[in-house]
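Some structures to go through are shown next.
The same chain A turns up in both complexes below, where it pairs with chain B and then with chain C.
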Partner chain A sequence: MPQTLFEKVWNSHKVTEIDGRTLIYIDRHLVHEVTSPQAFDGLRLNKRKVRRPDLTFATMDHNVPTNNRSLPIVDQISAIQIKTLETNCKEFGIELFDLHSPYQGIVHVIGPELGITLPGTTIVCGDSHTSTHGAFGAFALGIGTSDVEHVLATQCLVMDKPKTFEIRVDGKRKHRHAITAKDIILSIIKRIGTAGGTGTVIEYRGEAISDLSMDERMTICNMSIEAGARAGLIAPDAKTFDYLKGRKYTPKNYDELVDFWKTDMVTDNGAKFDKVFTINASDIVPQVSWGTNPAMTSDVTDTVPHPSEYANGNKSEEDAAKKALEYMDLKPGTQITDIKIDRVFIGSCTNARLQDLIEAADVIHGRKASPNVRVMVVPGSQQVKKQAEEIGLDKIFQDANFEWRESGCSMCLGMNPDILSRGERCASTSNRNFEGRQGTGGRTHLVSPVMAAAAAIAGHFVDVREWL
Partner chain B sequence: MDKFSKVLSIAIPLDRANVDTDQIVPKQFLKLVQRTGFGKFLFYDWKFDQGGQQKPDFVLNNPKYSDSHILVTGENFGCGSSREHAVWALKDYGLDVIIAPSFADIFYNNCFKNGILPIRIPRNVIDELIHTMSKIEVDLEHQTVKYDSKIILFAIDEGRKKTLLEGLDDIAVTLQYQDEITLYEKSHAL
Partner chain C sequence: MAGKVIKYERDNIDTDVILPGTYLKLHDYDEIAKHATEGIDPNFHARVKKGDFIVAGKNFGCGSSREHAPIALSHCGITAVLALSFARIFYRNAVDGAFLLPIEIDETAYKKISENDQLEINTQKNEIKNLTKNEVYSMKPFSDIISKIIAAGGLFKYKPD
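So, the complex of A and B:
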């Protein structure tokens, strides 16, 4: 019987059944400082070991400062959390890319760039954006701390099989530089809603998906969780295999594996998905979110919608939109391009890879950030930072008065000192515009790196198609 | 984990859709390295104003609900971040049951690891539960919610039900399958 890519990965990782649920083997486990301390404590309490430290990799990203790395961490509680991860990795024999490692970075940026992420594998991490790794054809999902402990102890997870969801993005983008992967995924979430993918694993397919680079595919899969999906994946192809060749942890028998992946890690012709959604890439324009969840998003050419128009008869959505506009201090009917901003954040596991930074820098053209706007550029990893500096991006950003910082999650979730003040409005390349996400009372608009860079210069949103 | 028993309590009505885990526990409280003590941070930015004073119009600040063990809420509860701190906060606050039309997947799963029962119930019933003044009885064994002399049945996966009713340590359960895991590893090295 023809199978989808996800079903193949699922079936090849079944260990056994327990009480009607499936025990799934986990090939790679990524660990960070915020969601792991309680899991390691649990192991100690029950005198358990880490079953496969060799398949477990750790880094610190969520609350690390992004200023000078040679300075001590001012926030004592963050410092304890970081120290705790060091101690735990040492005690349990886990490889750690710490603050001074050349491989430190956001866990979802370093997994692929180190070749830890591989097609056809199962990958977990105590972080919802683990879906990012699906860009390589892996089944990659975010888990809670109890499951982190479960995987540490058993290298397995007890799961119910998710449903399959095909999202087709047909055709081509009308403007390759101004309309990005971020605009594709925001357009999808806007249409299917923040719970549109609940209980499913999405497979992104179609011409516009095949056309994307690996960096762009990661942006798409990254935000699968914002549509509520368990995971999102894309079948591996020549771009995937080229990307992973010769990386630090790429297996020695790589060519052999590629031969297998090429033929096997695809959805069979005639395989049925439980759910299907189709969108045409030529209909997509740059996106800007106006509300407090990622589905509350409009075309840059539009106005802020009226709650009733947005909700289309759904009472609780209408209430949510009203509350969102109040929180965001926006009036229905306001042109998106009339919204002024105070801050710009270019970073996060969604948009802090090399291509994101190159594209953002391309928008600048010798101009400077608006004097009213503070701009932070936070590369996704130390390797991304180094590569960017090798091609002079740091200079381009700094000449434009954009701050060039050290790698980490930074202002995507504001666990470190990089936060918005109450009432500040930010154009952000991150993934969540929830209330208070970037700082209590802060207001987040989700955009692509090129839209963020253009807004930084103009001081308000602009249709970046007119600039590129 | 303690065994889950019947719950009888009035319900806290929080009629909002898409309540995300950033609201349930804001990020500034994720830096603790223990599992305990998160209850005081539950819905922090909705409960307190800039000066740290309670906002009187927020439902959790209504003393009427201070002993409640049940939360009734809107669609897609617990969406966003995988932070289990959200569930620890709800449990530590004293909540044992969350009733909603739908839940986000990771949050739903995290509940069972911490002795919280998440119940999916259709929207029209939620509307009644939000407005009822009487106590609600939740019986996991018989999979019923009783209120205002009505009885509603709810669905739950047998494996998860057993975990809650027996208070099982699911790592201990999986460790009984060590031989199967070892066998799998021998044939699937990657």
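So, the complex of A and C:
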């Protein structure tokens, strides 16, 4: 019977069935400082070891400061959490890319760039954006701390088999530089909703997906969780194999693996998905979120919607939109391009890879950030930072008064020193615009890196198609 | 299980409002609990009592995989969240760590249950009694394995048959 790519990965990782659920073998476990301390405590308490330290990799990204790395960490609680990860990795024999490692970075940026992420594998991490790794044809999902402990101890996870969901993005983008992967995924979430993917693993397919680079595919898969999906993936192809070739942890028998991936890690012709959604890339324009979840997003050419019109008769959606507009301090009918901003954040596991930074820098053209706007550019990893500096991006950003910082999660999640103040409005390339996400009372608008860079210069949103 | 209702009439209550990111640095569960639902209800910690229930709309707990979210709720006394639906990772964390019961209810129960109602929940009978209004609602039964993990007291105490 023809199978989908996800079904092939699932079936090849089945260990056994337990009470109607499946025990799945985990090929790679990525660990960071925030969701792991209690898991290691649990291992110690029960005198357990890490079953496969050789398949477990750790870094620190969530709470790390992104300013000068040679200075000590001021926040003592963060310093303890970072120290705890160091101690745990040492005690349990896990490879750690610490703050001074040339490989440190956001866990979902470093996994692929080190060749830890591979097609057809199962990958978990105590972070919901683990779905990012699906861009390589892996089944990658976020788990909580109890499950982190379970995987550390057993290298397995008990799961119900998810349903399959095909999202086809047909056609071509009308403007390759101004309309980005971020606009594709925001357009999808806007249409299917924040629970549209519940219980499913999404496979993104179609011409516009094949057209995307690996950096762009990661942006798409990264936000699968914002549609409520368990994971998202894209079948590997020549771009995937080129990307992974010769990386630090790419296996030695790489060419044999490529032959296997080419023939086996694809959805068979005639395979049936449980659910299908189709969108045409030529209908997509730059997107800006106006509300407090990623589905509350509009075309840059639109206005902030009236709650009733947004909700289309659904009372609870209407209430949610009203609350969102109140929180965001926006009036229905306001042109998106009239919304002024105070801050810009270019970074996060969604949009802090080299291509994101190159594209953002291309928007600048010798101009400077609006004097009222503070702009942070935070590369996703030390490797990204180094590559960007080799081609002079740091200078382009700094000449435009954009801050060029050290790698980490930074202003995506409001748990390190990079936060919004109450009432500040930010154009952000991150993934969540939840209330308080970037700091208590902070207001987040999700956009692509090119839209963020253009907004930084103009001081308000602009239709970046007019600039590129 | 019996307790009073704290109701949030909204969908998509995310993990960032259940426990804002800045508190993810904390290690002590009781300290984490002091900041539960701070993002939407700063008075929550002062008014919640041991045994209380949260009632909410669709997709409760969406967003981050932080287990700190169910930990925060459970350590300030919440024993169950009754919602129209749950985000997957929150549901798993709640059950696997034995922090609280994620109970799926239907629209009727969601509409009829009000703030401060006194409820009695019987998971054997899949029944929710509203003692204040003298009404009975059904809850969606837990799947077999979820019931077993709950009965065992979490994933690590559960032993397959």
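Basically, the second predicted complex is superposed on the first by the 468 of 468 C-alpha atoms of A that agree within 3 Å, B and C clash if a C-alpha of one lies under 4 Å from a C-alpha of the other, contacts with A are read in each partner's own complex, and residues count from 1 in each chain.
Methods note: a contact is a pair of C-beta atoms (placed from the backbone, for glycine too) under 8 Å apart; a residue touches a chain by one contact, two chains touch by 3 or more.
In this text the structure is predicted, and so the values were computed from the model without any measurement.
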Room on chain A for both chain B and chain C (clash or fit): clash
First (chain B), second (chain C), both or neither touched by A:Asp27: first
Touched partner set for A:Gly442, first chain B, second chain C, both or neither: neither
Contacts of A:Pro307 with chain B and chain C, given as first, second, both or neither: neither
Partner chain in contact with A:Gly115 - chain B first, chain C second, else both or neither: neither
Which superposed partner A:Pro286 touches (first chain B, second chain C, both, neither): neither
Which superposed partner A:Pro251 touches (first chain B, second chain C, both, neither): first
Chain B versus chain C as contact partner of A:Cys156, first or second or both or neither: first
Partner touching more residues of chain A, whether chain B or chain C: B
Intersection of the chain A residues that touch chain B with those that touch chain C: 18-21, 34-35, 37-38, 42, 46, 62-63, 75, 77-78, 80-81, 126-128, 142-147, 149-150, 158, 160, 194-195, 198-199, 225, 228, 230, 293, 316-317, 319-320, 323, 413-415, 432, 434-437, 440
Chain A residues touching chain B - in the complex, by the definition given at the top: 12-13, 15-16, 18-21, 23, 25, 27, 34-35, 37-38, 41-42, 46, 48, 51, 62-63, 75, 77-78, 80-81, 84, 118, 121, 126-128, 142-147, 149-150, 153-156, 158, 160, 194-195, 198-199, 225, 228, 230, 251, 293, 316-317, 319-320, 323, 413-415, 422, 432, 434-437, 440-441
Chain A partner contacts - residues on chain C that touch it in the complex: 9-12, 14, 16-17, 20-27, 39-40, 57-59, 62-67, 85, 87-89, 92-93, 96-97, 143-145, 148, 154-156, 160-161
Chain C-touching residues of chain A, taken from the complex the two chains share: 18-21, 34-35, 37-38, 42, 46, 62-63, 75, 77-78, 80-81, 126-128, 130, 142-147, 149-150, 158, 160, 194-195, 198-199, 225, 228, 230, 293, 316-317, 319-320, 323, 413-415, 419, 432, 434-437, 439-440
In the complex, chain B residues that touch chain A: 15-18, 20, 22-23, 26-28, 30-35, 45, 50, 74-76, 79-85, 87, 102, 104-106, 109-110, 113-114, 157-159, 162, 169-171, 173-175, 177, 180-181, 184-185, 188, 190
